[in-house]
Amino acid sequence: MNRIVLWFHQLGSPPTFHRYATRWMPWYFGASLLLLAVGVWAALFRVPADYQQGDSYRILFIHVPCAWMSLFVYVTMAVQAAIALVWRIKLCEILAMACAPIGAAFTVITLATGSIWGRPMWGTWWDWDPRLTSELVLLFLYIGVIALDASIEDRRRGARVAGFLAMIGLVNLPIIHYSVQWWNSLHQGSTISLMGKSKMDASMILPLAFTVAAMQLWFVGSLLSRARTMLLEREAGKAWARDIAVHDSTRGNA
Amino acid sequence: MSAPTLPRAAAAMLARDLRLAWSRRGDTLQPLLFAVLVVALFPLALGSERARLAMLAPGAIWVAALLASLQGLDALFRSDAEDGSLEQQLLAPVPLSLLLACRMFAHWLTGSLPLILIAPLLAQLLFLPDHLLVPLLLSLLVGTPLLVLLGSTVAALTVGLRRSGMLLPLLALPLYVPVLVFGAGSVMAAAQGQDWLGAVLLLAAGLTLALVLAPLAAAAAIRIALP
Amino acid sequence: MTYLSYIVAAYAVFAVVLAWDGMSPWLKHHRLLRAIRQKAARAQGPANVAGAGSAGATE
Amino acid sequence: MLAVARLRFDRNDTCVFGPLDFAVHAGEALLVTGGNGVGKTTLLRVLAGLLRAGEGELSWRGEPCTRLPTEGIAFVGHLAGHKADLGALDNLRFATGLHGCRHGASPTSALASVGLAGFEDVPAGRLSAGQRKRLSLARLLLSPARLWLLDEPYANLDRDGIVLVDRLLARHLNENGAALITTHGAYAAPPVRARTLILEAQRVDAESAA
């Protein structure tokens, strides 16, 4: 127990975290790309076409993992922000803010692929489907967090204020989802929805599991990458940052 | 020596804000004017066909009320931060959340209540059927305080910024979505002959929660956001 | 394959956005390292060459 | 009344001031002096509880505390803290509602004793900078707090105003109050029992590491 606490404290020190992130980042990205390649190959060429949707449902193999990740990243961000605010841990502030652009990227992919899927299915690029609408609001939440963080000069204060907003948004997220569903029932929305009630074919599960795992790993890799960059940006004047920069150049020139 | 008590501090805060609103009555009425303008533009854009306007009326009035509630929100706490009175409120021996709750209440009284009072007039402009007036007024009465509470919590986050510009609407919008959905939705439901009270009750539940949580959250936000 | 163009478009969007997500912090990291190196060189440069004006440069 | 040990404050990992050790006793004033940017204002804001100290210990009347009790301190900062659209008297009434009122004082008498009699209904925004400072002093007079935290109280004041500050300070200290006053030393020290705390500029972190 004591060991874990100690390890955590050491990891929290900027140079250690930077070294840790630099070492492990390529592994996460590599594993993610490997799993993604297998998953996408299976999704495109191995899984039989759906009798109702034809081949268009192959889009779901990237749409669904990204939709899940967009929510998962938001929850992660809000939890990190809460830890940062309560225990004033600087690394958690950075991790929370590093989550925001990644989550926004997943949300953009979800919206874009959902809309591309919807074009042949609904006949329009956009439908006020409850899931897509919630996703759109989620994108606004992400943009709000990023914009608020960017608009405050003091980096620490910016991260804390934006983190607080993320926490408020987390409370609001289920309410938005519920309200949008109620609204949809009031206005009688579309009949076919993404990830509808239709039973998933057994052959779909394995490729989907691969892409989901790939996106999880990608998230960790990207989080490490962004966090180490933000850390370096904040502590650019420190001696450890200079050591790393000089070390990096000697290694690069050799 | 008279120690400050909670009721006395709250009364002082409320009196100050109402007096300030009165001394700048022109500015205070701006949200109202804004809402009237928005509503008046709908028939000009859509034509004066009664049935179509009546169908759009609940949504249009609710959107106007929502946009109007964003007016003045930007300056709600920043004006106090700029002249140093927010510092004094932070240093008062009463909870900041109580003072902020008073400010939010005063903001609703001066900004949203006049709008609710002239809502019947706006409804007439858009030919809202008479039997929908009660759902509209009730939903506004429950919904606008919720908008103010949520909006001022977000405004507290931007208090350290020099100007927030479009940032405040961007931050407030996701929080406003459920209020707009249930607020305008309740009137729509009434128009379709469905049960509309359920949505208003949901709004009321949200209002009760926000009444407790929003001032606390806003106080925490100000402490985080103030430079 | 039916709806081929839609599938290609969706996967292309996916690839482009992920590529941006992966590349942008990496590029920024390199820019930062270069900037730190340049700053370190500037801080050392005048002091090594001559003592004159070094006070202003290090302040 | 107030004792401080090893108090320091960091902004973005650079030390703004400290570690500082000092005490302020009842009936005595502590003058905090030093050039621009040495953290005088920051020190006052930390003591007022507007900023959170990086480390250090505070004690109030001999008892350790994490922040000073708000009813014990009155703060006058660079920002006057008046609403420009409210009259001078209304501003003071609001202040007494929020912070309480010293025994035997009233907004009207406080206005008179800072030389603002006749300006009761003038909006604070239309007062001159010096008059606004006087209005802040009137708020201070009304406050029941024992410890005054004054940030550059002499700024913007004419000769009479400086005398006024000195007189108010002397009276407050006589009544067993205490005060912490920042000044950059361009004005004469108040003729009261006072000690001086000189803040020095902190070295920049990058420089010390080089």
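Per-chain numbering from 1; labels A, B, C and D assigned in written order.
The working rule: contacts are C-beta pairs under 8 Å (C-beta built on N, C-alpha and C of every residue); 3 or more make two chains touch, one makes a residue touch a chain.
What you are looking at is a predicted structure, and each value in this text was computed from that prediction instead of being measured.
A.B. asks: For the chain pairs A-D and A-C, which is connected through the larger number of C-beta pairs in contact?
C.D. replies: Greater number of contacting C-beta pairs: A-C.
A.B. asks: Name the chain whose C-alpha centroid is farthest from the C-alpha centroid of subunit A.
C.D. replies: Centroid comparison gives D as the farthest chain from subunit A.
A.B. asks: Which whole number of Å gives the spacing of the CA centres of subunit A and subunit D?
C.D. replies: 48
A.B. asks: What whole-number Å value describes the gap between the mean CA coordinates of subunit A and subunit C?
C.D. replies: Centre-to-centre distance between subunit A and subunit C: 22 Å.
A.B. asks: Could you work out how far the Cα centre of subunit B sits from that of subunit C, in whole Å?
C.D. replies: The answer is 44 Å.
A.B. asks: Among the residues of subunit A, which are close enough to touch at least two other chains?
C.D. replies: Correct list: 154.
A.B. asks: Flag every residue of subunit A that touches subunit D in the complex, lowest number first.
C.D. replies: 154-156, 234-235, 237-239
A.B. asks: Considering only the defined contacts, which subunit D positions touch subunit B in the complex?
C.D. replies: 48-50, 69-71, 73, 75, 77-86, 90, 93-103, 123, 144
A.B. asks: Which residues of subunit C touch subunit A once you look at their complex with the stated criterion?
C.D. replies: Contacts found on subunit C: 1-4, 6-7, 9-11, 13-14, 17-18, 20-22, 24-26, 28-29, 32-37, 39-40.
A.B. asks: Once bound in the complex, which stretches of subunit B touch subunit A?
C.D. replies: It comes out as residues 153-154, 157-158, 160-161, 164, 167, 170-171, 173-175, 177-178, 181-182, 185, 188-189, 192, 194, 199, 206, 217, 220-221, 224-225, 227.
A.B. asks: For the complex, which residues does subunit A have touching subunit B?
C.D. replies: These residues of subunit A touch subunit B: 85, 137-138, 140-141, 143-144, 147-148, 151-152, 154, 157, 160-161, 164-165, 168-169, 172, 175-176, 178-180, 182-183, 186-187.
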